[in-house]
Structures are given as structure tokens and as C-alpha cells.
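Handing you a structure now.
The first chain written gets the first letter, and so on, giving A, B, C and D; residue counts start at 1 in each chain.
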Amino acid sequence: MSLASKARVAVVGATGYAGAELVRLLARHPSVQITAATSEREAGRGLGEVHPHLDFAGLTLTNAKDASAARSADIAFVALPHGSSAALVAELLDAGVRVVDLGADFRFADRKLYESWYGPHPQAGLLAEAVYGLTEHAREQVSAARLVANPGCYPTGALMALLPLASEIRGNVVVDSKSGTSGAGRGATTSQLYAEVAENVRPYKVGVHRHQPEIASRLEAGLRASGGETKPCPVLFVPQLVPMARGILTCCYVEAGGADVGEALRGTYSNDPFVRLLDEGAVPEPRNVRGTNLVEIAWRRDESSGLTVLLTAIDNLGKGAAGQAVQNMNLMLGFDETAGLELTAALP
Amino acid sequence: MSLASKARVAVVGATGYAGAELVRLLARHPSVQITAATSEREAGRGLGEVHPHLDFAGLTLTNAKDASAARSADIAFVALPHGSSAALVAELLDAGVRVVDLGADFRFADRKLYESWYGPHPQAGLLAEAVYGLTEHAREQVSAARLVANPGCYPTGALMALLPLASEIRGNVVVDSKSGTSGAGRGATTSQLYAEVAENVRPYKVGVHRHQPEIASRLEAGLRASGGETKPCPVLFVPQLVPMARGILTCCYVEAGGADVGEALRGTYSNDPFVRLLDEGAVPEPRNVRGTNLVEIAWRRDESSGLTVLLTAIDNLGKGAAGQAVQNMNLMLGFDETAGLELTAALP
Amino acid sequence: MSLASKARVAVVGATGYAGAELVRLLARHPSVQITAATSEREAGRGLGEVHPHLDFAGLTLTNAKDASAARSADIAFVALPHGSSAALVAELLDAGVRVVDLGADFRFADRKLYESWYGPHPQAGLLAEAVYGLTEHAREQVSAARLVANPGCYPTGALMALLPLASEIRGNVVVDSKSGTSGAGRGATTSQLYAEVAENVRPYKVGVHRHQPEIASRLEAGLRASGGETKPCPVLFVPQLVPMARGILTCCYVEAGGADVGEALRGTYSNDPFVRLLDEGAVPEPRNVRGTNLVEIAWRRDESSGLTVLLTAIDNLGKGAAGQAVQNMNLMLGFDETAGLELTAALP
Amino acid sequence: MSLASKARVAVVGATGYAGAELVRLLARHPSVQITAATSEREAGRGLGEVHPHLDFAGLTLTNAKDASAARSADIAFVALPHGSSAALVAELLDAGVRVVDLGADFRFADRKLYESWYGPHPQAGLLAEAVYGLTEHAREQVSAARLVANPGCYPTGALMALLPLASEIRGNVVVDSKSGTSGAGRGATTSQLYAEVAENVRPYKVGVHRHQPEIASRLEAGLRASGGETKPCPVLFVPQLVPMARGILTCCYVEAGGADVGEALRGTYSNDPFVRLLDEGAVPEPRNVRGTNLVEIAWRRDESSGLTVLLTAIDNLGKGAAGQAVQNMNLMLGFDETAGLELTAALP
């Protein structure tokens, strides 16, 4: 494909972990060219000075506020801290740029729910239009969307397992997730220092993490969409930080009655290129999907308790952020869904 | 204390991780002397050749089968692979040596339950006598015991949280545990190589780990002991391996009705030197208890789901093995419960 | 490229770390198809059962001894433990298959030197023919070779820095290398357990590692090739194991007189696609090249001591093994040197 | 020992890694009581809120500027960032408090050398009095000192190996050190994040680290002290960051002519309680000394090059900071040199 015919993409916030991963994927994507990569702090520097592994892309960082490059792109990825993207997203849409937002601003359909967890919404008028981009569950809407809200990393890991069972789950859902540290971003904080993270497992925001209502509300939406009743799906979410740069392992504990869980999962995902449904006895491991857009899913029904555990592994920067964002872009721009995402984890 | 008046202790299986940790603790214990340290494979070598950090103890390894030293001790710690300790334990008891067994052979009161998970019991006659040494819940029995079955590492982490609530728990219990790799022992296996463990979280034996019936049966016993009804306490146990040499973080998910969880925990543990009940908002972290016999416990009730999560952190080689074994010895020999165990984690 | 026109490649020893990395690279290479993947222990199983991340390749393992597939390939990669490949290599060459051997058997031109470190050579007759495949320094010979001896991982890291300076170095060379653990292979050994490797740096085989004579002899050959005198180049090599799955950082300390080191490096590598010569102040880091065939090189002359330190970073499974093997294959089969190797490290 | 008769010690800067380690050691020291623990940022909080593992010490943080507690101590440990301790040290000395300063301000005898690397000295008048507290090499001076400058962590690792050989070393010295991350302190910086440090080895300040002149000048002083000539000892120092919270492995490369290195080391250290001279073939490993004040030393002479490599392992927070500081205090206050320091690494 000639350069002229390639789609023009902008990466807003290219020096954070999700932004850098977007560049890594997009710079080798066969059908796009990166025409803008922005950073407030590092504008003017070469991206390779900040991220030597991305030096090959030959990009110079610009300031999103000044640069018009983002506004002349066909599509923009916005990877900014929560709350700082909404105004820019509105501006880009006005300029005719389609947007995949990797922040939390547009992930809630219900403004009140958003505001009870995040505070006043800066662009509430866009909530109705935004498509929640859990790709496998929203292909048609994503393809047609102007604005895609890329799901949170933890919700992606949980919902990929839970949504196919939405109508079968009775009572409460426990989501116990173990995440690598890149999910917390590249900002300097003492709690994320190597010496604070190594040789430890640290629970945090137990039952009060903002991804809890994201999971619950999307599960409720999935229930309604599958023709189920309108009712709350209480979720107790316990995130934990483990000594790992990338990856999330999620265990979902549910009562699924007599549902044929395997059948439900196969029925949903049997043709999906990024979903690996594991055989009985196999277990998902984040390292198997590291650097990729894959999701591994397994499950087991425990006879003594009657409970079912569903387990998933994703890369929080892959299917949990940049990978899924590119997957969504591929649908939005009419490319093969797997374009630029045919990657294999480099193990060990 | 003069050497002559010190209690004579034997460590059977001194080169494994639990055995080496026993030596680390006992070699600096004010009231004991190690009179035998055994190893089948390394007999004849200095312990310091195998474990340089234990060189200061000046011990030479002997073979448990040949050596009479273990039989002339006041107390013996048996840290052998499961199934290989029972015959030796019987022999030691016959020789008048009191025993703390760190294996699984005597952890079950019910022979049938044991055999359904482990196979034929080699010394079933001793099951009735063995005391399950979760120290805080069995001080009197431990003090008087000839044979103490040291609890498994995962059951210790789970039961320290669950037992005070035994009579309040309704329905099923989910135990989601994250363990360091030393719990798998020092044997050479590909799955435990650094390159296989790093940058990953690996679930294993999901719902079929042998510690699941140990937790359930001890929870049922606790319920009976607290005057509750005789009924099964179904437990779904999901262990996971994380990149950490030592430590277990356990999350227990229960329905505890309107129980005052904090009150129950404080009522049980308020005077216990090795239990740290955390204030609201604080979270247990394995690193805080690394190298010690401490247990950190916290809990949170989630309003939306009605579920309660209890979290504990232990060192699997400390409270989960060697530390608790020494704590039990202290009671058996009439020492201060904290003797030799006044240790602080070396952070970071 | 149609399947029919793709080159047929065999990977002998596909379950070890180097073999698995070969499959990862070759399975996505645009101009080859893997027609045989062998394993003595795992023959009959799917490669994806052993290495889930390679499941996509759809390969079934065969036994190198039985299978004729390797013998009908255009080229074979032999990734077996040292000493066990020589006979097979001879057999493959006889069958008309070109070979890249990733073991040590053919890395020495001097039989006596080989035998003083490794013992009797099983196929000494092939030593003269084998080309030492440090690609950037042997493009023509590699292109024409029947048998390429892929360099050792440590020698690759050292020689890429030292060879351009061969004629300028006076006196001794110190090579201080820090390696990830995959260099030790996938075999089960206690010393490579996570719990033994984490939170440590372990020197080993100090001054007696077999890569020491490989570095020295190739440095001497380089000196001769550059028209320098025939003289020994004494090398003191100190390898160290660090908690890292992949990667080698090498520091070479030399007296280089008044040589213009930067000029020598630029003169050698300015057009090489896999060499990144760093600007002053920048430092090589193994993570920057993880999963790739890249080499990062930097240097600094210290005024007070007059010494020069050269630093390189490689991935021991990339440029140090499978990556360089594929690079060599590309030359042997007339493909673009970078085919199948346009990879970016997945950071963090 | 009754509380009244215990020495009163102050820890200035108790929340940094070195300060916290001081508290860990001093709170269990048999002959001292901590009467002040200070922190500028956290004054007013309990130390246990910042460092849960130190909760048992029951200390409340005060501000060093306001609190008079430090001034009424018998001895004060000052663990502040470089440059910020000098004024306080002078004030404490004036108040009759003896001081162990863990910063760099008083480590140089030569003001000009200090100022060429650190800038203007804030209290140059104290340089002549300060004793460089590499304990094994300065016991008498330390015992009598008002002000001890605790050596830097890297210099400790290098000098413990090099000083016994000072008069034998010819020409240049290469010091290649691999350090854990706690050496960089607890301040929040992106480069020290887990995700930036894991799975990597990062050289930094190659040839320009401030510990280079500290090593060189102390080596020269050692040479003079041993009756050798007055001459420069050029040192090329290359520090590297490895994924490890604590510990330093140092490799020193020297030409030591025909010196009997083993004899020189044994002659110097044979009765030293914290020095472990290793047998031939054994290698120092930081994990063996983790959490302790121990130094492991080994060496090897390479015949082909004539070079000698000396290797040492220390804990940068132990012998490299807080441990040696307590060792120095023990001498200053007339306690047993090992008091409070009889510790064993908790392996694995």
C-alpha cells in the first residue's frame, strides 16, 4: 500500500504506556501511517529519546494543544489521564476526526453512575453516542461509530468471561484480578517503584475501584441485550498488583446454575481470532498473551460448592488497551480485524 | 542459657526450603540447640555448602535413616515430602521424641477424607492423636501434644481469617490465594524455573488442590467447636503462582450476613502477638510479614453485593510452615510463645 | 508468496528456548514454511501443548531420529544441547540440507582448542568448512555456506563490540556479562528455580566459561583478518546471572590507545539494519532489544584510567541465538536480511 | 539492660530506605533505645503508617528542624539526601551528639576533590575530623570519633576487596558493580518504576558516578597507610541497575602481579565477624547477605591474561549503609561489634 493511500492516524499521549504501545502497533500496521504523536511534557523531542525501542518509527512529539496534525487525521487515539481527554475528544469529533478514547470518560452510558464515581462529566452530551468498544460484543456499532470508548483493562478481562453468561448468572459476582504494574501508568509514584512492588502482591481499592461499576453496568447492559430482565448485577471487584510489567489474570466467581458454560463460551467466540478458549485442564496465563491482542479463557464448575470460576488472561496494554483500540480502528476503517495485530508473545 | 540446659531439637529434611527456614530460626533461638539436621541426598556435607546463609550454624548433614541423633532429641521437626514422613514420625514417637510434622500426613482427622485425596494412609492409627497446629486456635492441645500436624500454608492463610467467623458464614466460601514459589519446594521442575515464573500469574489445580478439603474440614470442625451445627462448608479454592519467592496473599469471599466481622476478629485475636488486625483502609501485603511469623488480616463488607472479603498475608515459610512450627514448639516445651520469633521483615 | 514456493525449513529441538524462539520467528516469516519441528521427549504432541503461545503455528512434534521431514527440508536449524548435534548435522549435510547449528560444536576453527574445552570432537572433519555466523562480520561466507555455526550468546554480545577494534586493542580484555536465565536452557535445575534466581546476581564459571576461548579465538581471527599480527588476545570473561528471562548486557574493558572508537564502530556498522550505535550519554539496555535481533552498542573512554569501556545489549534468544540464525538463513537463501525480523520490543 | 541505661539514639530521615533499615536494626538492638525518628514530609504520623513492618517500634515521626529530641541523644544517625545533612551534623556535634552521617558530605578528606564532584562544601571545616567509617579498616579511629562518615554503598563493596591489595595493584582498576534499586532511594522517579526496572540491566553514569573518586581516593589513602608510595590509583567505575531490591555484586579487575591474594585477604580479615572469605570455587551472592551486615569475598587469578578478579557481595542497605552504621555505633559506644547485627538472610 502506498503511503498516500494509508489512513492517517494520530496518537494523543504517545509517551505513556498505552500511547507507546499504540505507536508500537501502528508503526508496523500495513494500512496506516502515524501523522501525529503528541506529548505535553516532551513536545519537541524525538519519541525515540523517550522510548528507544520506538526510535525506528522516526516520530517527533508535538503538543496536542498546538498541533493541527491530530485534527487532520482520519482517526485519533486519545490516551490521556482520565478527565483530561473529554474536551479534546469533542474538538476532534467537530473537526471530523473519528476517535478511539482509551480513557474512562465515555465508558458509561449512565451519566449519574459516571458522576457518582468520577465527578462532573465534562462532555456529557457525547455519552449517548459513544460506543463501548469491547469489540467481540459490539462489532456493528464499533464499525459505524464516530466515538469509541475503549473499555478499561480490568473490565475487558472480566466481561469477556462474564458477558456470554449474563443471562445465566444468579446473585452476586466476585471479580478477583491480578494486574501488572503498567496498568498504573508511567507517572512517578513511590508505590510503583521496583523496590515497593517486587516480591509482593498488593490489593488496593478493595471494593471501591472505579472499574467495579463499569463491569456491573456493562453486565447489566449485556443482560438486557440478551433479552434478560432489567436488574442489577452486583459485582465485588478486588484488584491486586503483582510483580509483572504487563498482564492481567482475572478470576470470576459466579453461580451459573445448570448453564452449559462451555457451550455459552463456544457459541459466542468460536470464530473470533483473538479469543483462545482453552481445553479442560489448561489455564490462562498472562505471559501467553503478552504483547498481543489475545484473550485466553477457561472455566471450571466446582461440584461441592456449585460455583463456577471463569478465568481470563489478557495483556493490559494489548486487549486491555492499545491492542483492542487498534482492533476497533480496523473495524472503523474497514480493514481486516486482525491487521497489524498478528503478534506472538516472546516467551520466555 | 547454658548449652546443657537447652532443649535438643532435630530438623529432619534440613535442605528443603521449610527445613532451611527451621534451621535459620532455631539456630538463633535462645532456648534450643540443633542436635541433628538431616538430608537424604546431601548427607555428609556441611549444611553451609548447600545453603551458604546457614554456614554460621556449623551443622553437618546426616541421613535420617542412619542417624540416631534425631531419636535422642527432645523434639523433632519433620519437613519431608508428603507421604514420606509417616513411618519416621511413628518411630520418633516410639522413641519418646515429640514431633512437629510439617507434611500433610496428619492434618486430617477423617481418614476417609485423607485417603480420597492422598491415597492410603501409612499410619492411620496416629490420626486421632495428632493435633492440628493452627496455634492461635489450639493452644492448649498443642501444649500437651506428642504429635502436632503443622497446617498447610494455604489453609493457614485462609483459616486465620475464616475460623473466627465460622458460625456466621452462610453458603459457599471462595478462597483465592496468590503464592510465592517456595511453596512448591526446592525440587527441580521446569514449571518453577525463573524464566517460566517471571512476569506471569499462573493458576493451577483450580478447584482440585489438596488444600481445599483441608480448609473445608477444619472450617467444619471450627463450626462444631463454636457450638454451631454439623454441616458441610463448601469451599472453592483457587491457588495461583506469582513471581515472588515467599508469601501468600489470600482473599476469602463469604456471605456473613449481618455479622460484625471486625468484632469477631478482634475478639479472637486481640492479644495474639503474631496477628496484626489492620485498620480500615489498610491492606495486608506479604512483604510486610516476609521472614516472620506474622499474619496480617483485613476485611471489607461490600454493600452492593452483601459480600464480605477477608484478606490475609503470611509468609508461606513463616506462619505457613517453619515459623508456626517453632511457635508450636514453644508451646510444647513451655517457652515464651514468641521466643526466637521476634523478627522484622527486611524491607524493601 | 504461495506455500509451494516457500522454502522448507526444519527446526530440530523445537521445545527448548532457542528452538521455540525459532518457531516464533519462522512461523511468521514471509518466505518460509516450517515442515518439521522435532523433540525427543515430546514427539507426538502438538507444539502448542508444550508452548501455548506457539499454538497458532499448528505444528506436531516429531522425533528427529525417525522423521525424514528434516532431511527433505531446504535448511535445518539444529538447536540441541552441545555435543548432541554433530552427528545429525553431518547426516543432514549428506542429505543435501543446509544447516544452521545453534550449538557449540562447530564454533571453533581450531580442533585442539575445541577439544581442550569440550572434549573429543565428534565430527572434526567439518570444522574447516563451518562458517562462524556472526552475520555482520561474515556476510559473504554465510551466504555461500552449507554449514553455519551460530555464535554463542555471550560471544555475540562481546564480539560485536570488540571486532571493529581488534587491531587497536593492547593487552588484555575484560568481558563482564550479565545474562538472563533463558541462556541456561529449559532443563529443570534447582539453581535456575525462580526462588533461587530472584533478587540476586550470581557470578558463575568465573574465568572458566567455555565462551571465553570462543571470544578470544574469534578476536584473534578478527585481528588476523584485519591485517594485524598473529598474536593471542587474552580475555578474562566473567558471566553473571541476573533476574531476567531474556537479554545480555556486556561490558568490555580494553586499552585502545588513541583509537577513535566511535569512528571504528560507525565505519563497521553504519549501514547495518540490526545495529543501533547509541549517541553519547545513551546506554544499551537489554529490554530495548527484547524479542528482536537488534544489538545496541555504546562506548566511553575514561580519561583518568585511559581505559575504554564498550557496552552492548542483545537478546540472548534473538541476536544471541534464534534471531541471528534467521538472519543467517536469510542470507543463505537469498532473502532480504531483515525478512521476518522486523520486530519491536514490547515495552514495558 | 534497663531502658534507663540504654543509649539514646536518633534517626534523622527515618522514612527513606536507609533510615527505615536503621530503625529495623536499632529497635531490636539490646543496648539502645530510639528516642527520635524524624521525617520532614511525614512528621506527625506514626512510622508504622509509612512502613507497616516497623509498626512494632511504636515511633511517631517528628521534624528534625523542630524537635529537640535529636539534640539530646547520645548518638544520631543522619540519613538525608546528599548536601542536606551538613548543617544539621554541625549543629548536632555542637550539642554534644556524636554522629554517623550516611550521606556523602564527609566522605572525602580532600575538599577540592569533593567540590569538583559535588559543588561547594557546606561545612568544610569538619572534613579533617570526620572518620571514614569502613569499619574493618578504621576500628580505632571510629571508636574515638565524634563524626563518622559512613562509606557509600558501592565504595564499601569495592574497597573491602581492594584495600588489602592496595600495595600490590599495578596500573588501573576496573570496578563493575551491579546494584539493587533501593540504592537509588525511595523518591518517586519514572526510571525506578517496577515496569522500567524489571527484566533489564541498566548501566548508568558510566565513568562519571560520584562513587568513582570516593573509591580512588580511599584506595590511594590505603596505599599510603600501608607504607606504599603516594600515587594516583585510577579507577574506572561502571554501576549497573539490576531487578533486585537490595544487594550489590561488585567485580574488581586488577593486575596484582604475583601477589598472594588469598593470603592478603586472610591476613586482613581472618578474625572479622562480618567478612566471609569464600573457598575456591564458591562465589559471592547478594542474596546470601540480604538483610545482614555481612560481606562475602572471593577472588580468582586468570592465567591467560594475568588479571585477577575480586568479587564481593553486600547488602547495600546493610554493610552498604545501615548495618555498617550500627557497626560503627557499636564501636563508638563500646558495645560488642556484632550487637544487634546477628542476623541471617531469609532465603529464598
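Here is the rule we go by: contacts are C-beta pairs under 8 Å (C-beta built on N, C-alpha and C of every residue); 3 or more make two chains touch, one makes a residue touch a chain.
Source: prediction; values computed, not measured.
One of B-D, C-D or B-C repeats the interface of A-B: more than half of the contact pairs, counted by residue number, are shared by C-D. When you average the Cα atoms of each chain and compare centres, the chain farthest from chain D turns out to be A.
Annotation: 37 Å between the Cα-based centres of chain A and chain C.
Taking the mean of the C-alpha atoms as each chain's centre, chain A and chain D sit 46 Å apart. Looking at chain C, residues 17, 180, 182, 193, 195-196, 198-199, 243-246, 285, 287, 290, 348 sit in touch with two or more other chains. Within the complex formed with chain D, the residues of chain C that make contact are 172-174, 176, 178, 180, 193, 195-196, 198-204, 206-207, 216, 232, 234-236, 238, 240, 242-247, 249, 251, 253, 283-287, 290, 300, 302, 304-307, 309, 311, 348.
In the complex of the two chains, the chain A residues touching chain D come out as 17, 180-182, 186-190, 192-199, 243-246. Across the complex, chain A meets chain C through its residues 17, 20-21, 24, 27-28, 51-56, 182, 198-199, 245-246, 276, 282, 285, 287-291, 296, 342, 344-348.
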